[in-house]
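Read through the structures below before going on.
Okay, so subunit A shows up in both of these, paired with subunit B first and subunit C after.
What follows is the complex of A and B.
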């Protein structure tokens, strides 16, 4: 029973090391055989299908409400979703309210995407617009505002043609790692807009009931949701939009197997010990 | 060369953008071995930069355009509606009375307004919200497949039994006790799912850092080597174990 004793007093740093190796090995070039297949969940597919059903020139509003600390889970989804919107030729309004720290990240990401050859012909103020920061708590009122904090867009751009109020927005996506979008969910009962969310895995389970009642029309959960969306867009448009989410999914699966293994071992040791104690 | 150009020359170059993220990541990760000065330095730098960045940004995008600028414009051209800015400013300033015990009640005006506003906005919405959550369960039980129907049954009876666990007016014996027991199981399954999702979230953060390390293999290996040498030297020659007395006090 020496092994049992050793397992019981296993140094936590060994667990860290094994988790570290399980994450880093699939990312190293040459270990591509450790790829696991991704299948899209119905929650993520619901977002994809709604964008697919939009017509050219329809308005999509993205509430970019996360900071660089949540970048790992949410930025890959934003990238895939934004590229999908541009492919569908819908008008994209990007807005920052909860994430003062995220503004720089969002702008940099959009700039990088707009520099891609296939999107370089699209123009700010016509095909997409950054509405920057407007400090309104229930930020569904943004379209009643005259301008952003710098007074730049002033609702005069071509993109605002036919988009006067919230009811003119065809689809709203909230990307967040907190409960910021609760007012969106609540107000949706009154204004009947289509509202989906991409969230960190921590708050994903709490939002499932809202998806089941239809208050959320789609839900992407963490890095896995982002990988699913990357796959959906890449397969539909036959382009390589696979990003860091797909890259990291094998690490995620492998590390979960390691954690699962340790939980199993811990429980086995616990039950054996209890049995021995009972004697 | 102006000040901004000098700052740009220091921070926007390959050396800075390649080495600093790798070193900072490894400094923070060194905590996994043990608490050490490198971790402390990394932690303090991170908090300092994040707070400093947020404060300057908030000043630029919130205080300046929404308070200072309208206030200065007021002296150029006055509109009656400008008075609202002063009203909000005075209302917000009442919060400062919290520092004085005798005059702390003044801040209640601010809280009173906020609670009143939020209650007025939220109560009708939340009532609708709860009704919508409840009415969505009032559907035809026969969903076409066993899986969908069983899901409905688990949802309804799971919610009911979980609520029964918090029903303390009667002792948890007999049917009530058994129902409450099922409620605990249901809640534990939810906590398990939430914990699993949390682990997934935390691992995702680590994956992001790992992608960075793999993208800069040379920098990562050199930095990791230097940090490991530092940790060995520090814990062998400089680190002193803190001594605790019987009550666990230093």
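What follows is the complex of A and C.
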């Protein structure tokens, strides 16, 4: 049984090659055979509904706490969420938490969105503002925001009219691939702010207990969560906001199937070997 | 005094922070701002210490030929970024941001993307139903995997329901136990630091 021996000691380069192809092929135009309709999960829908319930001029704080490492999974959600906020005409405060490395990425993305015809009339410091980066821990950030929201970030602009403390922020979204926002979850019960998160798929399941207890008012999980949000906003406003998350879903599907196939083959080989009395 | 002062500082910080959390309004607003400004200053000092540490480490690597060329490359890149930022600024459209977007971001994204390849290889070699427990884990993971891709829903509309139940009920219950355990440990550690029993952070 040469095949069995070969499968048992399968060269990892073959695995790498197949995974690579499974990610690349669906992205090539014309290879969209793995595109299936995506339905929104209740966690992602919760974020969307809360933004929908905001009034014009309400304040949304985005805690942009990820680096370019997690760009593929989290940036599409940021784009869709930010466009949704602009559509709802709420004031958007973008703070680059956790790492200075994310700031360039966030500012470039915002710049590209603001160059779109439908948003080009909006002004920095009036409709949205970059709060930049300050070396400060999340729990200190919350306490500072409770005391003096504007003073914490030392920024100026018309956008701060009516926004004095954390109480004036109507919704906070944390976007991260780490445990940075744990103090936001812990202190949510004390300061009564609405706090939701968009995270990488790796840490999504860890946050489900917090969503169940209401300490998180919404949760977007990985690339799929971003694709769900793109769909929700696109359908609601009848615009084409389908971006890289929707495109990436077919890659996600095929790569999952490849991993699933390898696990299946690995188990078949294991059981045949065991039946023969091998290790 | 080298030990006593940090222990005393730990005690004061514990009283203030935990007291503040349980007794709302214990501080005046400007007191809170004092702490936040103090943290910012601490953060800046931390960055300076980090820069010194990186400089020192690479200096010795270059001096004693311990991966000398990597160290030279690392230091050169640091100085290049400092020079670009100093010469033309760091805003969008400058050489600094160009290097950031065209070199740094692809590098970082590549490192993270490599995970997918390692996971596939590791899953093939080790994810086997060797016992009842591992078989249950395997079946659960297959359902969760399928529920996360759009194909799963297209195959059978109950797959997302089963996958969601696994994440919401058994997985979440286990996670909750870990969270409780972690927080109890943190409270214990706080009490130990409060009474000066825990001194590992003072290099003891």
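We take it that the second predicted complex is superposed on the first by the 259 of 279 C-alpha atoms of A that agree within 3 Å, B and C clash if a C-alpha of one lies under 4 Å from a C-alpha of the other, contacts with A are read in each partner's own complex, and residues count from 1 in each chain.
By our rule, a contact is a pair of C-beta atoms (placed from the backbone, for glycine too) under 8 Å apart; a residue touches a chain by one contact, two chains touch by 3 or more.
Since the structure is predicted, the reported quantities are computational estimates derived from the model, not experimental observations.
Once the two complexes are overlaid on the shared chain, A:244 sits against subunit B while remaining clear of subunit C. Once the two complexes are overlaid on the shared chain, A:38 sits against subunit C while remaining clear of subunit B. Residue contacts after overlaying the shared chain place A:105 against subunit C, while subunit B stays out of touching range. In the superposition on chain A, contact of A:10 is made with subunit C only, not with subunit B. With both structures placed on the common chain, the touch criterion links A:215 to subunit B but leaves subunit C unconnected.
Once chain A of one complex is fitted onto chain A of the other, the partner contacts of A:267 are limited to subunit C, with no touch recorded for subunit B. Of the two partner chains, neither subunit B nor subunit C is touched by A:122. More subunit A residues lie in contact with C than with the other chain of the pair subunit B and subunit C.
With both structures placed on the common chain, the touch criterion links A:24 to subunit B but leaves subunit C unconnected. Of the two partner chains, subunit B is the only one that A:189 touches; subunit C does not reach it. Residues 16, 19-20, 23, 69, 71-72, 101, 135, 151, 190, 201, 205-206, 209, 212, 222, 224, 252, 255-256, 259 of subunit A contact both subunit B in one complex and subunit C in the other.
On subunit A, the positions that touch subunit B within their shared complex are 13, 16, 19-20, 23-24, 27-28, 69, 71-73, 100-101, 103, 132-133, 135, 138, 149-151, 185-187, 189-190, 200-202, 204-206, 209, 212-215, 221-224, 244, 247-248, 251-252, 255-256, 259.
Subunit C contributes residues 21, 24, 29-30, 32-33, 35-36, 39-40, 42-44, 46-47, 90, 92, 97, 100-101, 104-105, 108-109, 111-113, 116-117, 119-121, 123-125, 127-130, 138, 142, 145-146, 148-151, 153-154, 160, 164, 167-168, 171-172, 175-176, 179 to its touches with subunit A in the complex.
Note for the complex: subunit A touches subunit C at residues 10, 12, 15-16, 18-20, 23, 34-39, 41, 67-72, 101, 104-105, 107-108, 111, 134-137, 140-141, 143-144, 146-148, 151-152, 190, 201, 205-206, 208-209, 212, 222, 224, 249, 252-253, 255-260, 262-263, 265-267, 270-271.
The residues of subunit B lying in touch with subunit A in their complex are 32-33, 50, 53-54, 57-58, 61-62, 65-66, 121-122, 125-126, 128-129, 132-133, 136, 190, 193-194, 197-201, 203-211, 213-214.
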